[in-house]
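Order of writing sets the labels: A, B and C. Residues in every chain begin at 1.
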């Protein structure tokens, strides 16, 4: 059970209701069809009134030993279930779990109001239902949509536009940017500062004025302490539905497509364009001015120095097609073992 | 045109004036010599009253198709220009663009004043013309020079000294440091906290008191969420004119020379000394106690474990001279292809 | 001598007292046994009233030329000491230096009090002797132990529990976490935000509610701008005595054991379990769901994709046992040189 200091649980839910929330089928006709479920829990800790899930097959032993009352599973593991466990079958058990967990633990709407210790600039517009916490600073002419939560000590710069139902975490700062709706910006994220633009000149590095913005689509999530610089002239763009993890660096003029997944500590250099539904593994780095095709997959720690065609998977530094990278790794390992023997 | 919510444009400027600002020559005797220019714009978006530039030859097709009224170019692309485009010729088109853009979009001087919601400690000195935003906290005995802008929720610790014309971004924090003039510190940068110093001891890791400072030269720029630890006994030093990107880690006792370029997510371990005008590519890492000669170039993602002579370029992890690294990469790739065939 | 703007020095200390603090033996019977020592200093800058230390043999030339009045050394370098230097001999000179430096520069207890510009939520408990600086925000029902220092603009979220004698740096933020005693959290660290949990679904990425906490043991240190996400269901755990450097990413459900050292910019993916006294070099990355045995050592920039047995040292990306990695590197270098010749 989630720590009641931090979470309060809704429910309980009956089996039919759970199946509807999960968009899953109830397997067979369980004896305990009328039972109520009170919480979600991991397989190893779940009890008879908990709903759990199996997604990563690494946890199959935990599944077989689990005492969970009900479990969200893919069709192919139904037969491995322990006796007495009610199965909710779906092709997407993790997404189904997400829906069930959100039913038990709905994200509370922010309590509306502006703390007396927040500072709201002249001509700023705050939509109805917003919560502005202590120490938050909202700039001149900024516009915040409805039902947003601006957390403690966050800074929304002059003229910044934020859509509806957004969350801006503690200490985050936004400047020179236009943000869509249902966007989550975690603590300490830095959006819209000057890009790293210097022209080598005879008298030292000349600072290049950065005249663009950051434009963030709907349903984007931006991780803690991630940095997104504003464009130099064009905008820096993050497409709708893209999810960015912590400590990621996105340089000026980068364009990220829709539905991308960018894992922690990735770095994307200036003016690189990334298509839709691209996946970037943790700590991967991309040089500037590249074009990465839609659906490409970039392995963790890869160092991408060339354009990538749509749908291609790459790895290594410098990055090459995954198969080629793995083969090179295997060849070197074989030589090392042979020499050692 | 830059978004008027965030930028206001100066000008217009005549051609002669632009050439003087850019330190460029007007090519030939254009028919429209008397025209006025109203803005800067990228090649692909520029129109007849805009000034653009061509620096990276990757954008030559955009140049040939551009409708820009005038363009800053190097001598060797003059012949490729489209009809009717006025050319401003210079060996440093990007630096020239930086000067022209700064003329159209001059950085406004901060409006002087201390917000009533800032907290200024006893005996702190704030120079004339400074702007201290809401939520900024200035410590006891701190000294801020003239015309500085301390942005919202920034923290300047006790005794910290800052020169003239500096910018300290939202939520940044400074402690135990002495900062020169014309220094730009972006949002969330962390300067002067304890270095990571632990002595392995029989009873666990013993914390080593960190008794130095961070000393930052004139004209330095420090990126968003970058961290610079103070020295353990000696100081951590950043030389004048050095530009540091976002999310860079600089450990205790590091000395960075003058005019270095440090790209995002670089990590420099303790006590490493780096000469003048060194370039460090993104995500490169350097172990501690190294000496890197002036003018050295370190490729992105390189892992430097040995000293580097002045002027040498290295790549790979562990880093070796660039030529050797590229050759090794090519050899492994060739073997992988052969085995696959 | 440390800059008096930032530090005040205690002492002086006589030789016997120093030896007791350092837990070291005085070598021989020095003529100046009665002398007083006034400060610590690095070998190259120390004078006759300073105490220095030699730990890394790289600095042996500095030792031989040093004018330090006394020096903490290991037994094997006693003979290399310059004439007139008093030697304090110990098997752990760096830990001994840490104790001596802490005697000269004791960390001052925080001056108790809550700044009028701090915001303390209803039902929050602040223990006796705490200092809460300007702009700090403490949430509803939060509990802070005794003698803690919450620095300017730090944010302690609703319900968060912090033990005794903790330091929470400027602008750091804590949420959904339970923190032990004597924990140091540096500026800008982000603890307890949502983990990066998305289920791929037919209608886009579905956000998975994150229902766990971050649990931090006693004597932990967490670096500037480091991010630690809360658990998804289980908790994210940092064991007692573990030291984490700047800009580290720790994902949801990670368990770090006791006494680990995690160097800057390391990234640890979700659900990976790390044993006690593991060392992770800078910029190393670990994929998710791994088990890393106690005492393992992971080289800087390593990319760990498999479980590691206790005590094993690995390097490279993908990481392999250190010996195998170094051999592979040497083989490729040899081929590159041969081809070049």
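We take it that contacts are C-beta pairs under 8 Å (C-beta built on N, C-alpha and C of every residue); 3 or more make two chains touch, one makes a residue touch a chain.
Computed from a predicted structure; not experimentally measured.
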item: Chain contact topology (line, ring, star, complete or other); value: complete
item: Inter-copy rotation, subunit A to subunit B, in degrees (Cα atoms; steps of 5); value: 120
item: Copies subunit B and subunit C touch via same or different residues, half shared test; value: different
item: Cα-centroid distance, subunit B relative to subunit C, in whole angstrom; value: 28
item: Sequence positions of subunit B contacting 2 or more other chains; value: 117, 135, 153, 171, 188, 225, 247, 265, 283, 301, 317, 332
item: Contact footprint of subunit A on subunit C as seen in their complex; value: 117, 119, 135, 137, 139, 141, 153, 155, 157-159, 161, 171, 173, 175-176, 188, 190, 193-194, 196-202, 204-209, 211-213, 225, 227, 229, 233-234, 247, 249, 251, 265, 267, 269, 283, 285, 287, 289, 301, 303, 317-318, 320, 323-324, 327-328, 331-332
item: Touching residues (chain side subunit C, partner subunit B) in the complex; value: 2-3, 5-7, 40-42, 45, 55-56, 58, 92, 94-99, 101-102, 104-105, 107, 115, 117, 133-135, 151-153, 169-171, 184, 186-188, 219, 221, 223-225, 241, 243, 245-247, 259, 261, 263-265, 282-283, 300-301, 317, 329, 332-333, 335-337, 339-340
